[in-house]
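Chain IDs A, B, C, D, E and F follow the sequence of writing; residue 1 opens each chain.
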């Protein structure tokens, strides 16, 4: 021990490089997601009354409780601090009708956290989206899951009564068909305008109604680099393209497409649920294929399925393909495409001084390193994001 | 009655037809098969249930012939496994049961050179820097790589040192390879005591880094009536072929590190 | 047999009434051979082959032997006899004549003989009153449904094998069954699908 | 013989330990009636086929033994099927294609191969009954759980008003998905997990006491 | 859009701490500890024994093979011991311990060379004799690199990116001695028979770029100054080549395979000094910085000086220091004793305080994919981690674990705080062992 | 098992054939016997079920099948003319529309005036608790007395859909409509 060490009584820490880490961690990311979800909650509260907030709070609390309880029971280190359970709880409440009784939500939360997430080891280890799986499970009570309240129909902001599971909606608010139900029959809804659908004055699950608020949240996530645009864009573009090319019921293509984009859980799914890290691919190209798959299945179910809404099942189905996709579509290998790029001089052998190949000017764009493979669009999308995810750092001038 | 006749005719006809077909096919398409393989196949349940994880009984039989574990046929159970064992060759002759032993008593009796942060694994810590955080570079790191590979849960970490439970250890010796410090040795199950240290530095240096380490004082060597203990390279080593379990060495060791191979560390120290 | 008819049988067999996730036929090989993706693929292909073959021969036996003689009640016995013999025959044939194919598919054949899905498809063909083409389409696409189901599931299991940490009691089949349940949940999205 | 029964129920239970016959276990366990009906059918067929195969075991050459077994089994299955259709049409309708599919239920062939073909008639008969009871027990447990959670009733098809079972959970609260395929997978998964846990626990206990003896 | 490499990160570069401190000469210590292994390649054989008197610049360790570099005494004095001593890499390495007599008597071989008369092979000979190794981190013997590049390259790149946070040694040398660095570059060009070179500097060294621009003869000597985007790991060899030339070093290949050779700026400076003065590699500039250093500085110190001395020369430690690093924060080694000496490849000593320690006890991957997005080698660190934890050698090979340059970008960015680099390092061993 | 003797037994191919033949013959004989015993009971059971359903929707003494080849759509699978005391009492239509979980087999009774007298469902695989509620009397009763064509309330008709099971409700409605149409075609033609 050196004198210095002795003098300062230093017990130094030794660890592997790197010795600095970004300030972002799981908790801060999840916090960002929660923040991004708030506008949609605000719209829900405005449209459906205070019950929307209560439902969200109850679901969040229950998820956090189950996460804590399971890990306690299994004697595993606690992990509620990472807030991922809170995100799951919040998102589950978003894809339920505002009238869902609390007991049903709590069962859903239990299902999501215990059976889907923690049983497989907790965050990062589950293979399907907990909130969506729970929503699918909650179709055990179809009446609850398909009872929609007309926005702004409550008599008082604070008094939306629960529906009673046995007698159906005994609400002092009016139940309504969602635009999706109408779209499923090939008809553009008459009672609401597209603008209303965009801002959220329509029936539907409490958190999904406002495409606008969700896009706002998505924008926040993009700016904070929590998500990359690959999945939401490829998802939405696929739905847009398919509905534009194949409009139903003789409707105008553009109008039909816009209605499809603004209705149902599409925005919520594309921005917040298909992007769930754990259950989506990590390679940008695979992400693009995943988004396209989600989009195609969504439209397929919306057009041909028994369910008017296909988003949750589309995402769940694609969840099961994640491992395959990540394997099949990883992004090439550094140096694998070198032959094409090697300069003539290097191969010509000695005498470089007599005829040195000029150094490439840096202005010339580098050639695309990968060989152009299948799915050029996916490739492009992948590339677009590849640059993007450099995480935001503490600025050097801080 | 006609009906029954038809039934007999049709089904009997089908049976005869397919019987013939298979009989001919088995001649025409006869493939020479491995005797052993056939024998193994005959032992299996034949349910082709896939429970073994292979594509049917034949596939599993082939795998067994190629060295796969013999106890995977679930419907067949133990009996099948036994019969396959017979086919695959005589069971190994009875040998002295060997168990694993960790040659270290340091752990909490050493001090840490630094605070280690990182993956909790001996291999990682040892390969990271300076042979791990412990002051003694020979000793057990206590992150339990050995315990993780032990299929029988025989190893636990006690007082910062890995400890093998001789009753649970089946002598597979997977732990030997897992230990980056090469601290684990085989000893006879019956051995009453063994030297739990591997520090080959001179006594003074050892004393500096560990309160329990072997000083190479040779007291054990001198006292052993059977010439079974020797200090080599500054650390005592026991020759089990000579040791009679008389216990003199353990008694005389000033550091009390000649210990029985199982039991908790504290008990051993007594 | 119109194209849309075939399409709806195919979609039905692959997605809506998936043999594994919805109909529960052929679970034993599905669970047994889904640990690795490549064996799962081999199994899936072999199932397609056998289900197609079974559909063809059972239809012939039913149409030209059993029905004319009023022996429909003997379907089960006749079908299983046909299937068992055929599979064994094909296995011998492949082993001798096309060893490469035998290595790829043949080794899965014995496992398939005693598989609910194969007898199931023959019985269902009869129950649904399918004609020859329909039977073949249903048989093959039912096998395709099996292939998709088992390959997807194998990929999920590979992932779980590497990353998941479940309680010890769930080791092996339990966690696999629960995972299969979650995949079945996702497949419910296709229920009630109607192609018009 | 007592051991054989214990094995059939727990130690070597065909479904929970040997993991055989899972298709029917998951597919038809939606009401108690189904479960008992299926269980008893399998029990009868298993016992009969075990007996016959044990009788014939010396006679049948190895090459065609599977074919012979299958034909025998299929014969019994068809008989049971016809009898059910004639005398218990409701059960027959609700079990549907799964009655003929008993032919390929791996349990029966597995027992034929691994037990009946190597043992005496009596032992084989006992084996058939024991394994059949083990199978039936699992089916009944599955049925009770799934019917209760998924439909809110007990004893569906057997008791209660119009054979609809006794309602325990109000209809609106029962979790429909439990009686759908999804619920079949999950319930069986949990049951097997429970079994593995219990076996491990008892093994540990046995091991512990053995250790103590030493 | 200027060409660039794939991935990468933007950590806070922390260079403001030391970038304005001029290089100070650190007086040689009373005792130097000179390890016999300071480079890639064979360990040197001690040429002296205990009690010998040695002079400044005298060879005390002889290179046993071509890929190795001789080691010289950095002081004059008496050999106090030849024994294993703690090395910055954490292991005990055979070292020559010399008690400094304070006289700095030069060894007779230390004399300036007649620069204009030198042939390329003379230059290589001088570099070899001077024991110059790459100063950019890997410490590959420079003469070996030149020889293997001879006749195969068309582009020489001088790596002055210095992309690692906090380090300012190259920056200061460029700013304060631009002439000497440029002269070194010209010498290396001559040795390689090239008439062009690219001097690549990250944009965050504006003053150095300005100083260099003033010194470059306009159009005359073939050295082009290229300003790079500030992004880590811009200075990694393969990435730098890609940025500068658009070429990708092939799998398992060397820079020469794409006609390039890369030298660190300080290496160039050392070459110039060896030719102009005859002084071998006995000294180097070390940045002593980091949040835990009271007065961050750039010190020109003798090889073999204990780190402890550097720290006290920089005002000592400040704040709750819990980690001392040799090298940069992204790739350097944490040391546990400040007794260890400065070696040829040491470019910095950093002291980090507690608030920079973001280690967590139970890291969990959330599959966010950031590690994949930032990996400049296009690897998938999360999957490497999974395979390593399972000991899956085949999986590691399939995922090309050996391509990893251990830049640390993935571990830096990981919000789940996985020890990705540590795991990958162990994964490389697993993959090699069971190939 | 004794492998030596087994091998010996395997030798002759005719033996294989004979044994398999023997086994199948015995099984077939037994089956034939069982079938002989149960055949009538099964047929009776089936007939009883259909006729019970027929009697439920339209009580009559006698039902005679009418050939409807090509006259009704895919959904209608059979049509019977009902007679009471020799006088025509109406028609009974067997229909099989597709619901949520597959085909729904139903029987529709239509009286001489063309109004629905009853709807009965003989087989379905709809989800219990949802689509299976169509078996309930109060749902089926809604169709009684309707003529011409029927429709769900949401399309302006008078039939309230089952909660959460629009598809099943639509299917049943479709079946009734098909029956009405078939009868209309027959009575016009006949």
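Here is the rule we use: contacts are C-beta pairs under 8 Å (C-beta built on N, C-alpha and C of every residue); 3 or more make two chains touch, one makes a residue touch a chain.
All values reported here derive from a predicted model rather than from experimental measurement.
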For chain A and chain B, chains touching each: C, D, E, F
Leading chain pair when contacts are tallied as C-beta pairs: A-E
Chain located farthest away, centre of chain E as origin (C-alpha): F
For chain C paired with chain F, centre-to-centre distance based on mean C-alpha positions, whole Å: 28
Centroid spacing, where centroids are CA-atom means, of chain B and chain E in whole angstrom: 45
For chain A paired with chain C, centre-to-centre distance based on mean C-alpha positions, whole Å: 34
Of all residues in chain C, the ones touching two or more other chains: 28, 31, 73-74, 77, 81, 85, 88, 113-114, 163, 167, 170, 175, 178, 182, 185, 188, 191-192, 194
Multi-chain contact residues (two or more partners), chain E: 90, 322, 333-337, 357, 359, 419, 422, 425
Residue list for chain B, restricted to those that touch at least two other chains: 3, 6-7, 10-11, 14-15, 18-19, 22-23, 26, 42, 47, 49, 51, 114-115, 117-118, 124, 128-129
Full enumeration of touching chain pairs: A-B, A-C, A-D, A-E, A-F, B-C, B-D, B-E, B-F, C-D, C-E, C-F, D-F
Residue ranges of chain C in contact with chain D within the complex: 21-28, 31, 73-77, 80-81, 84-85, 88, 113-116, 118-120, 123-124, 127, 167-178, 180-182, 184-185, 188
Interfacial residue positions of chain F with respect to chain A in the complex: 100, 130, 163-165, 167
Chain D - residues contacting chain B, complex: 12, 17-20, 62-64, 66-67, 71, 106, 109-111, 113-114, 211, 214
Residue ranges of chain D touching chain C (in the complex, touch as defined): 19-24, 26-27, 66-67, 70-71, 74-75, 77-78, 81-82, 97, 100-101, 103-106, 109, 177, 180-186, 188-190, 192-194, 196-197, 200
Residues of chain A that touch chain D when the two form their complex: 103, 107, 115, 136-137, 139-143, 165-166
